[in-house]
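Paired with subunit B in one complex and with subunit C in the other, subunit A is shared by the two complexes that follow.
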Partner chain A sequence: MTDPLVEIKDLRIHFFTDEGVVRAVEGIDLNIKPGKTLCVVGESGSGKSVMALSLLQIIHKPGQIVDGQILYHRGRVAGGQFSQNGAVDIASLNRKGRDIRSIRGAEIAMIFQEPMTSLSPMYTVGNQVMETIRLHEKGISKKEARERAIDILRRVRIPKPERLIDEYPFRLSGGMRQRVMIAMALSCTPSLLIADEPTTALDVTTQAQILDLMLELQQEFNMAIMFITHDLGVVAEIADDVAVMYLGNVVEYSDVDTIFNAPEHPYTQALLRSIPKISATRQPLDMIEGMVPSPFRRPGGCPFHPRCTQALASCSTVVPSLTTLHENHIVRCLLHEETGEEVPRG
Partner chain B sequence: MADQTPNTEPVDAAEENILLDVKNLKMFFPITEGIFSQVKGYVRAVDDVSFFIRRGETLGLVGESGCGKTTVGRCIARAYEPTGGQVLFHDNGRSVDLAQMDRKALGPYRKDIRVIFQDPYSSLNPRMTVFEIVSEVLKVNKLIPESEFEQRVAEIIQLVGLRPEYIRRYPHAFSGGERQRIVIARALVTEPRLVIADEAVSALDVSVRAQILNLMEDLRQRFDLTYLFISHDLSVIRHICDRVVVMYVGQVIEVAGVNDLFTTPQHPYTEALMSAVPILNPRQRHLQKRIRLEGEVADPSNPPSGCYFHPRCRFAEAKCAVEKPPLRKLANQDRYVACHFAEELDLQGAVMT
Partner chain C sequence: MWQYIFRRFGYMLFTLFVISIISFVVIQLPPGDYVDTLVNQMASESSGVSAEVEEQMRALYGLDQPVYVQYFKWVRNIVTRGEFGYSFVYRTDAREIIMDRLPMSFALALGAFLIVQLTSIPIGIYSAIKQYSIADYGFTFLGFVGRAIPNFLLALVLLYLSFRYFGRAMVGLFSEEFVDAPWSIARVMDLMRHLWIPAIIIGLDRGAGQIRTMRANLLDELNKPYVDTARAKGLSERRLLWKYPVRHAANPIISTIGWALPEFISGEAIVSIVLNLPTGGPIFLAALFAQDMFVAAGFILMFSVLTVIGTFISDVLLVWLDPRVRLQ
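This part shows the complex of A and B:
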């Protein structure tokens, strides 16, 4: 097994609102491997986006990382070498400090769902791509930055980048805007790219183009991708590993083949059964009863137990711990606690 | 293009059991300029669209954003005034053209054609209770005496899977899936003939989406409803539809039964759409032969010559840039395609998983 690039350990993120505490992330343990694609799937309210934001320390008030570690092994690339810097605990860094600012955007970059709202309408595409480059590479001249920007736009397959660099974002289509976002994210060759639903707002054919592009660039730049999505079709296409989240927990983690062909957690199983299949006829869909509970009323015990068809009596009281079924397959469910062995905390 | 004759052969509405017949529908939006709003051009959002819906079927309408599928739905519901064409509604042995009717004459038909919208958060008025939301249409159209509202609303709310006690609550008290059930109740309370579902499940979570799809199918059978199901999600279309209309830049390029469309597409654009359907099994990733469309979707205010798809089509020939292919019925089949070379091409369907 390769050493992880990022190790998330027992991460807890709570939002202290007037109506009460929302436990958006409630004890996540997760590893991101260098050069690989980790897909994080979950429904709305599962905490997947909040977890992603915490990797960059950009969680807004009243949200707060209350516990846990995010160990980022700086300079660990797919080859497996360590740099002299060693590990940084992102969770403990000051949000506005120099350390996180040198990581944010340069080593860990992020692209967002809606490419129109994440690009400024007031600046040209070139301004925005060059800003990232000039911020992180001191002493680079304006001319050099512009050349770098044109080069990176060409690498995300934008036609005629010399012309497009002086356009404003409103002139671009959704797919082109998302390419610009990707170009900005890649301009400093990050070791981890976090993509939060980057293709959800795009059409299917454009989505296919962007996914292909991201995988090609991953090879070229040798970076890890953490891909957040609710679309299992996308997961099946691009993931190496998959983490399934439900109400602030990772309920199952494994390689993509195991998740789709031998899932063990009842939620993963139900989720896979509930999606319409291209080959199937008009049978009623298997569905998960009920709905994702309100974040203020997080069920006790296993958070999935009110909707789980295989729930035991103890599921409503006992919080299941992480159980390793075999290498690279971890599940958080009481049904498997006797068979597997508990993951040692550390 | 405006002077084009109807390019589908006439179909007998009674024989084919047709509920709604859309003929050469056009919806152009003017592009204006300057303080006097001079019209300098038109966005041809819907440009000569013809298709029909049979009674009791679920017709899918697919296409990428900006292809005009929502505009078609709104023209049928007469939220827009179509620029041209006909929307023939056949019911109880009568046929009326909804496209040409004035607002007053439309009144009685408003209850027959109802719409389910995409976003259950913005389509419900936060200041109205569920009872007010669902009964509003009954009140405005004076469909039943006001004394019966309460009972009717309670019935329909129960049918869509909500508890009748909830009807005094406001929308904020409900989750996305429950809100979509309220939207469905509002659409069905008038006992419509045709329901236009515009991306009705696109905004919902995966586990809730299955519930709503099952509910819609259940209600269709129970009330003998006809759906026009507008969506960009091909796996949902595949699941719920009988026949599918594929649109590209304001035009219909293919109409076919759902099985035929997914296994043997006849138009190169349909083939590209099918190849973009995600494969739900990581073991079959290698089967995907994705067709990469070059370039961008054409601009509906300045469409290309000939076939609108020709600049991106991998089979395009000289003829395609000059002559626009009419939507024609394929011999001995219940399908229509707008491509000069439909019979000659051997196109790939979606990978079945």
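This part shows the complex of A and C:
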């Protein structure tokens, strides 16, 4: 197994609101491998976006990392040409400090869900792309930065980048804007790209183009991608590994084939059953019973037990721990605790 | 962009034309004219005036002609000779009266404008980024108080306090030795020393409002996705704040910035009366009462010109600042 680029250990993120504490992320352990694509799937409210934001320390108030570590191993690249020792614990960095700012945009970059609102309409595309370059590469001249920006816009397949660089984002289509976002994120060749549902707001054709582009650029730039989505079709297409989240926990983690062909957690199984199928006979959609519980009333024990068809009596009281079934297949469920070996908590 | 500015300029000229008509007509609306005022005055002084004399006086002042002829002459004189007509009350050129007082009104309004912009915008920004802090509550409280107190009342209170505790009422815009002195550096400095108090009084209401507007707008912008994008690039909080959300939040304020000048100029009258300031407001009011029509119409026109110019400046600023306006 390759050494991870990012190790998330027992991460807990809580939102302290007037109505009570929302435990958005409640003990996540997850590794991101260099050069690979990790898809994080889950329903709305499962904490996947919050977890993604925490990797850059840009969670909105009143959210706060209350416990856990995010170890970022600087310079661990697939193939490992150069490796600096020592990891940075992102969770412990001051969120306004210099250290995290030198990571943001340069080493870990992010693209967001809404290309329409993620770019400011007040500045040109070039201004916003060059900003990242000039911020992280000291001493680069304005002219060089502009050439770099044109080059990166060309690499995300934007036609006539020399002209488009002086255009304002509100004059571009959604797909073009998302390309600009990608160009901006890749402009400093990060080792990890976080994409929070980058194709959700786009139409299906554009969506496919953007996904292809991201995979191509991943090869070219040799970077890891953490892709947040609730679209299992997208997962099947691009993922190396998959983490399934439910109410602030990763309930199952494995490579994409295992997740689709041999899922072990009842939630993963239910998710896969709920994908609509094209068949000769009309069948009702196999939905997961019930609703995601209110974030203020997180069920005790295994948070999925009220909706689980295979729940045991103990599921409502005992919090399941992580169980390794095979290499690279981890599940958090009492049904598997006896059979597998427990993962030691780090 | 130039096309837009050019078009706005055209609108401005047209608006001025319409305003000149309206201001002239409004002056004519109250029953009677200056001659009536004069006749009444004379009657009360027991020297009756015959209808014949009355008509002669009308002819002398040109008041016997139809309104549109009067208007046309009035406009022609303003445009070709810069003359605003004759002040019946002061028996002198109306231009002298207006030009004597208008710069003071303008200086006061400009002073209020600068003080308001330089304080309310930073305070609004501070309140938004430190939402629910003690300072934010403090500014919020001051903001509501500022909006709630009518400015003439504030002027009266300050007048009382200054007299009570400094033994000298804060009236006028000049110290005694400078009141009738010719313009000099020392006189300007003296004016500055006096100007800020009425400027704050006049600007308080709008300033307080702008604090609220800036705070609310910025709070809306602070959680927009483009702010996350900027932060995820690694920009420092200060840089990203000024470059992105503040720039967006300032739009509504910039687009109404031009209205501030006329607001201050019209708000000035009552404060000037209370504080006995030598500005245009009190004279304008007196001219309306006395039906000294050319002075009154001249003031209305000049105040309107300032309003329209202010709006034009707003428009230009907005085009310059917001590409969405420029490119559509």
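Here is the rule we use: the second predicted complex is superposed on the first by the 339 of 346 C-alpha atoms of A that agree within 3 Å, B and C clash if a C-alpha of one lies under 4 Å from a C-alpha of the other, contacts with A are read in each partner's own complex, and residues count from 1 in each chain.
One rule holds in what follows: contacts are C-beta pairs under 8 Å (C-beta built on N, C-alpha and C of every residue); 3 or more make two chains touch, one makes a residue touch a chain.
Because the structure is predicted, anything quoted here is derived from the model rather than measured.
A.B. asks: Looking at the superposed three-chain arrangement on subunit A, would you call subunit B and subunit C a clash or a fit?
C.D. replies: fit
A.B. asks: Once chain A of both complexes is superposed, is A:102 in touch with subunit B (first), subunit C (second), both, or neither?
C.D. replies: Only subunit C is touched by A:102; subunit B is not.
A.B. asks: Now for A:231: first (subunit B), second (subunit C), both, or neither, which partner does it touch?
C.D. replies: first
A.B. asks: If you stack the two complexes on chain A, which partner ends up touching A:279: first (subunit B), second (subunit C), both, or neither?
C.D. replies: first
A.B. asks: Per the contact definition in the header, classify A:112: touching subunit B only (first), subunit C only (second), both, or neither.
C.D. replies: It touches subunit C, and subunit B stays clear.
A.B. asks: When the two structures are laid over each other on chain A, which of subunit B and subunit C touches more residues of subunit A?
C.D. replies: Higher number of touched subunit A residues: B.
A.B. asks: Mind working out whether A:262 is in touch with subunit B, subunit C, both or neither, as first, second, both or neither?
C.D. replies: neither
A.B. asks: Would you sort A:207 into first (subunit B), second (subunit C), both or neither based on which partner it touches?
C.D. replies: first
A.B. asks: Just subunit B (first), just subunit C (second), both, or neither: which does A:270 touch?
C.D. replies: first
A.B. asks: Measuring by CA atoms in the overlay, how small does the subunit B-subunit C distance get, in Å?
C.D. replies: Here the least C-alpha separation of subunit B and subunit C stands at 10 Å.
A.B. asks: Quick one: which bits of subunit C touch subunit A in the complex? Just the residue numbers, please.
C.D. replies: Spelled out, the residues of subunit C in touch with subunit A are 223-226, 228-237, 243-244, 247-248, 321-324, 327.
A.B. asks: Quick check: in the complex, which residue numbers of subunit A touch subunit B?
C.D. replies: That would be residues 43-44, 173-176, 203-209, 212, 230-234, 236-237, 239, 256-257, 260-261, 270-271, 274-280, 282, 284-288, 291-292, 294, 307 of subunit A.
A.B. asks: For a test of understanding, state which residues of subunit A touch subunit C in their complex under the given definition.
C.D. replies: 53, 56, 58, 60, 96, 101-106, 109-110, 112-114, 117-124, 131-132, 135-136, 168, 170-171, 181, 184
A.B. asks: Which stretch or stretches of subunit B touch subunit A in the complex?
C.D. replies: Subunit B reaches subunit A through residues 64-65, 175-178, 205-211, 213-214, 217-218, 232, 234-236, 238-240, 262, 272-273, 275-283, 285, 288, 290, 292-293, 296-297, 350-353.
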